[in-house]
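I have a structure here, written as structure tokens, and I will follow up with some questions on it.
Note that the chains are named A, B, C, D, E and F in the order they appear, and that numbering of residues resets to 1 at the start of each chain.
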């Protein structure tokens, strides 16, 4: 089946971020298709290139990146939610006149249309709350 | 009286961030002393240099910076909470091998000792929750 | 491809970002001609209250987003009757120009009929 | 300068960061010889449950932080009796090595006696 | 005596009921943010004259306050914090 | 029929009671994260055989489950999502 996940939880702030990553691994291991992961609300922080948790805490950003490489996942971060929360790509930083960019590799910024498209083309939609 | 504020709310995610800024303005306008503002938990995002809310939404980071300049406020961001959430100064970014820094001007990273000191030396402690 | 989509709106308007960002997603879907059905439940019914003056806390009113729904052809909202009664509210306090309100007595059966549910 | 500080611990351990970051602040204060008094209330009492195995969700157990309290001279914790009873728990399920637990029947009067309260 | 600040709605959070467990005579309750939704259904052990709320948060939400509670601005909020101690926030 | 996922504790959130308002026969309830604290006090209208929980979250928290609810792993969670539709998350 084709799944889309919507993630509202920030890593290290709400357990939903870790639950979503575990769920994604399980569904891929079961042979299902992960059509898209859409990071919305505080979930945009899952795509931070600057996160540096202590060595003995799990690194959720790196977890998504590894899964993305392995399965060519479509990891989409809502651009409007990201701007409000200080998560910018290099081109967005330049356009907005901000001093740096912090979007991690493997993620892309896009509009809410990508959420709508994912809802329409997936068999299942699972939301991970904040 | 000497106040210390502890802030757990991220701007644009929880109203507590805006409430805290309004409260700080009101106490300074009343002639009280603001000993320290300590940003903890998700409150560290108040110190993001990359936040770019829409023009017609309030810019809380800029609000704190203006108040800091006017009253020489001590705006301290918990360094451990900030690392977990991807909020780094230039020297921290270099030390941790991260590609960029995003701590806004006017804020400084420091340890929890700064919270303890503030509790001890303030007459009033007010917490703004998430 | 046509799918029935429900947007479940359960949060009050200004305490956190969920109500506003939920409505932004609904408007985006409606603009792509995939208008979801909106069901307001629990504290989500407070989004509809008239006479909100969010300027007093330096925010924008969510009523603006709600009023934009009719531009995109959404002319009816669903509201959980029990949630309304529990909060001592009536439909007259929620009126929106050009948009009808229908009360839902059995939200469980209502929700189960959709292909996809977005929770906000 | 000496002040009485209360840390009010109300959150369960793993669903969000507040329990863990609260205990980190308490340990920092204790290390600076400003040890706060700890009162566990509401779902905060779940922080004390024995046999937590947080590895199953790739987290570290908060029991490690709690056990470190005695190193810094904190040898007693306060627990709201009503919160415990409401959750069908008893003190035996919360035991920590080297740390006593005292039940509080009237948390309001207890809290009012402190100079400063940190809420976690 | 304590100033209790509640910022969450009883419609989704137990914060107000949790606060009420710790409310004693002479304490003051201040409702802010989503806490103002509690103005129509306050716990019985909290006396009417102890209840304060931020007018800005009530106006933002379009709430009509029917009881004789004290609507205050930010300046008065600061005064309440000076007058009472400790200040305890009940959130989440 | 619907799969309801509840991730918050009844000790601080109304999410579970809100979900129970919308629970109909044939639906399934899955408790995850802090939602597993509800295992000792589930609403009466949710039948025992409908209740599932994530074993990982129960083990993390040191909870002892005394009733005959279904403890599941992540793989079974995915299966439940395939078997039921829609999937509705109750958080906050």
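By our rule, a contact is a pair of C-beta atoms (placed from the backbone, for glycine too) under 8 Å apart; a residue touches a chain by one contact, two chains touch by 3 or more.
Only a predicted model underlies this, so the values are computations on that prediction, with no experimental measurement involved.
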**Request:** List the groups of chains still linked by touching once subunit B is ignored.
**Result:** one piece
**Request:** Work out the mean Cα position per chain and let me know which chain is farthest from subunit E.
**Result:** A
**Request:** Starting from the Cα centroid of subunit C, hunt down the chain whose centroid lies farthest away.
**Result:** D
**Message:** Given that subunit E and subunit F are copies of one sequence and touch, is their interface built from the same residue numbers on both sides (over half shared) or different ones?
**Reply:** same
**Request:** Specify the chain pair with the maximum number of C-beta contact pairs.
**Result:** A-B
**Asked** Which integer distance in Å separates the CA centroid of subunit E from that of subunit F?
**Response** 33
**Fill in**
Cα centroid separation, subunit C vs subunit E, in Å, comes to 27
**Request:** Could you grab the centroid distance between subunit C and subunit D? Build each centroid from C-alpha atoms only and quote it in angstrom.
**Result:** 40
**Asked** Listing for subunit E: what residues touch at least two other chains?
**Response** 7, 11-12, 14, 18, 33-34, 56, 85-87, 89-92
**Complete:** Each of the following residues of subunit A touches two or more other chains, namely 8, 12-13, 15, 19, 22, 41-42, 57, 80, 84, 125, 127, 129-130
**Asked** Mind pulling the subunit C residues that touch 2 or more other chains?
**Response** 10-11, 14-18, 42, 57, 59, 116-117, 119
**Asked** When you check every pair of chains, which ones turn out to touch?
**Response** A-B, A-C, A-D, A-F, B-C, B-D, B-E, C-E, C-F, D-E, D-F, E-F
**Asked** Which part of subunit B faces subunit E closely enough to touch in the complex?
**Response** 1, 3, 8, 15-16, 19, 22-23, 25-27, 29-30, 32, 123-130
**Asked** For the complex, which residues does subunit D have touching subunit A?
**Response** 14-17, 57-60
**Request:** Could you pull out which subunit C residues touch subunit F in their complex?
**Result:** 6, 8, 10-11, 16, 18, 41-42, 80, 82, 106-109, 111-112, 114-117, 119
**Fill in**
The answer for subunit D against subunit B in the complex is residues 1, 3, 5, 17-18, 21, 24-25, 28-29, 32, 34, 116-119
**Residues on subunit F engaged by subunit D in the complex (per definition of touch)** = 7-9, 11-12, 33-34, 37, 40, 55-57, 59-63
